[in-house]
Amino acid sequence: MIIASQKPIEEIRETIKPYKKVLIAACGTCVTVCLAGGEKEAKELADLLSLSGDQEFRVVTPKRQCDSEFLEEFDKDVSWADAGLSLACGVGVQYLAERCTGKPIIPGLNTAFMGTNRDAGYWTEMCQGCGNCVLEKTGGVCPVARCSKSHFNGPCGGSSKGKCEVNDSIDCAWQLIYDRLKSLNQMERLFETIPPRDWSTSRDGGPRKIRRPDVAIEEVTE
Amino acid sequence: MKTILAGKSRYMEALRPALHDAGFDTIAVETVSELKELPKEYPVILLQDTALNPLITNKKAAEKAIHGLEPKDLIVFLMDQNQDASPYIENCVLHIASHLAGLKRNIAVLLRSSRASDSEFDERYRTARKKGVAFVKYESIDLGSDDGKTRIELWDGRAKLTMETPLCILCEASPASELYAFADALHVRTYGDRAVSGSRGVSGGRWFLNQGTTLKRNVKLIHTDSLDQDVRSIVPSLIRELKKLYEPGQEKIAFVDSKKCAFCYTCYRVCPHSALAPDEDNEAMKAEELLCGGCGICVSVCPAGAISFRETEPEGTSDFREAEPDGTSEGEAVAQHTEAIGQHMAVMEQGTGASGKEVPKLKIFCCENSAFPLSAEALSGINAAIQPVACGGEISTSMVLEALKQYDSVLAAVCSDDACKHRDGNKRCTKQMERLKERLEKLGYNPNRISSVRIGITMADILREAALTALKGEVR
Amino acid sequence: MSEGKSRLQKLFESGAFVVTGEVGPPMGADAGHVYHAAEALSGIIDAANVTDNQTSILRMSSIAASLLVQQKGLEAVVQMTCRDRNRIAIQSDLLGAWALGLRNLLVLSGDHQSFGNDRHAKNVYDVDSVQLIKMLSDLQRDGVFYNGKKAKGVPEFFIGTTANPFADPEELQLIRLKKKIQAGAKFVQTQSIYDIDKFEEWMEKVRAWGLHQEAYIEAGVLVNKSLRSIEMTQKVPGMDIPDALVERMRNAEDPKEEGIRIVLELIERIKKIEGISGLHIMAVGWEEIVPVVVERAGLSPRPTIE
């Protein structure tokens, strides 16, 4: 799931300052689940920002901002507004912006990572979407996302008592990999040298697309 | 007003005079046959006492239990319900474990991930660690036994650990056995430890009977766990319970709108009563009526705005009616509800004399379990609008912001540190208020327009002082 | 191509007990600083590591400073971390380094940028140190880059790397060292040693794995000048300093002398360990003491080599 956190309130206030009527668009999926941009947060934000009485706010909560089918209500309400404040991930913000010619869509969240909810109010990063998964080699622990240096061939010398040199609240990914491979009885994997990665499947290859021709309505040649 | 107090509680005698002063004639019964002889129409207060394993409460018993074991043997305390255990249990375990470790024994305390940790406990944990007690947190556990030893396999999310012990002490509170007999006689539904919420595995349900919702309107259940420090602390809430028995009203319980539910499990994680679980189709969360403690923590925390309070019908049918039948705000709904219960529960606009013309500048959310019973006395002469809430955890940011539109300042008065009967609703409230204060400050508003105070049931003066400070909008 | 071999490599191959040290490039463009440091160590040690933005603190480039060091008659060991450059930049810089006459190369991961003054920088880690060592030694062997293109002029660095005997899990750290050596590392410098007993145990494992026969292992030591200095060192991640040594510094009448004595005692023990081929002396902020340590440890004068 995509994990995000709300931007500092003063930053949001600053960016929406020029607009009299602001439509706050919550998003009902990932950012609801990670408590950053669901209906509750949107309403709270509207309440907080309207304390000054200078601006008007409305809240709309599409199920997902990243699919046009859910945005009908938003389309209606946005005609009322001078600007939209999207509480979705970066995908939602951009997708709304594409739909609103001549109307600014402002991000209300900082989209952080793909991760998991470890406990109430606690999320950790698990995946960077590098486009070339190696988890079968590393016991199901991602060296790209979870090692601070994305090491593929073992820990750096800064690993200490299972913690990362960056700070000891971070688990050393290679300690986790080691523990997992040990429990899987796959220690031989640790001796394999993983060659330099093909990063072209990652963001480094430019913006990525995925197509499923078998599902597509029209033939696409690319 | 006659009321039966049933249960072999050591608090009974301490409670009776206090109840008497409040106008209730109590009949104490200790056996089922005594109970059966009394008229059926008398309301019954069941005192739910719990039995604690003597090995965690009694040094001598613990010493006796380890007698005969080898010094190298590992002795394990298993706190499988630690999230739910009262601080009392945790305290007992720390105390006895440290004591045994001091006798040069190998002691391990196994804990399911601790949500109940707080700063005061930190110190106690540190002390125990220094004495050599090992604490192991785990996610899942498997117990087996062979050869007179318990084999424990636990998984901490990273690694599997296997240990063997001749003495595995289960550290949980179980209801005293006579309570089952009373419950049978009163035809109150009871729950075994595991039947309640099997989805949580070993940890099971945490209440024997759910507080307030016994499904028998003339039977109320009072937990005595909270009485360990101060018997007086239960009296006001007991009186309220009794009044409800004489004037049956509705109970607020959580209701999940499955269409809005994002199925994020936040409510499941934070509910102190294990009342929320996936529904039959595994498509949305559902609140279990009989488990819901009516604290409102899930209502305030639900990110999708999918959970609201609804009210049970009197006489315990399981049908609901909307708590907000005609679009009234949550606060008004609460007010209507509480008025129905009786004058004692009414929202009070105080200190304005008979005319009541002056509009109050301060709104106080008062937890029903501590601040609200005190409010009449503590706040006399103070011009404030008082709204009772089921728990500090019910006070949402939205409620506070709504109140700020009308009032100059808002005060949340909630239970003192370990006293919250919904585990940590008081702390949740304080933390939420802190976050809101920070955001208000960043927007350039005076953050001291909102404040919170944690008070015990005898701390009327502190409530008064907090209200006066809040009125001034000064730093607390 | 024996004429391409560095003096350091030849020394190791001759079986001499090698002594290396460090030159930290300046936080600026001052060549004089590098010249001064190189002159002080020239003839005292066999070669000097020239650090690559150590602890992520922005400094003059290792390659440029290495050239300055060699101009003063001291052989340089270029350091290259994987933190700041992608495979294009790393290889390109190293081609240049070879062309400039630099022959020794130490490959390392690099401390995370959060330790330095540019914690807001983006890190790269396109390749890790094992991958980089392999890329370079494959290039050396085949004359072909990792991208498949033939190189016009092949760099034949004497490639080394680092190891931390005190990091954990120990087995995994050893596996990693083995992978680095398999990838083509010919010499290894260890993290500073304080806990000599633990280091001896580690070396036992290194010998059991036969790693000391596949690469020259240099034991790292750090000379502390004061209680504060040893206390600061204790805080560095991956450092393991027995409290007894800190106590010795605390109680010493002359902490500087005590610091030297501690290092000399360590060196005495190190010299006796089977499989150790040399000593790498660090003296962060107290470089002028290195000649004294080398002298008093009986490691002077340094051997000459044709």
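Read from first to last, the chains carry the letters A, B and C; within each, the first residue is number 1.
Just so we're on the same page, contacts are C-beta pairs under 8 Å (C-beta built on N, C-alpha and C of every residue); 3 or more make two chains touch, one makes a residue touch a chain.
Treat the numbers as computed from the prediction; the structure is a model and nothing was measured.
Across the assembly, the mean Cα position most removed from that of chain B is the one of C. Averaging Cα coordinates per chain and for the whole protein, the chain whose average falls nearest the overall one is A.
Centroids built from CA atoms put chain C at 40 Å from chain A. Separation between the centroids of chain B and chain C, computed from CA atoms only, is 60 Å.
Averaged C-alpha coordinates put the centre of chain A at 36 Å from the centre of chain B. Taken in their complex, chain C has these residues touching chain A: 82-83, 87, 109-112, 114-115, 123, 125-131, 134-135, 146, 162-164, 167-169, 171-173, 175-176, 178-179, 182-183, 191, 237-238. Listed in rising order, the residues of chain A touching chain C in the complex are 148-162, 165-167, 174-175, 178, 190-191, 193-197, 199.
Taken in their complex, chain A has these residues touching chain B: 8-10, 13, 28-29, 32-33, 35, 38-41, 43-44, 47-49, 51-52, 61, 117, 119-120, 176, 179, 183. On the chain B side of its complex with chain A, the touching residues are 113, 115, 158-160, 260, 262-266, 269-270, 302-305, 397-398, 401-402, 404-405, 439-440, 442-443, 445.
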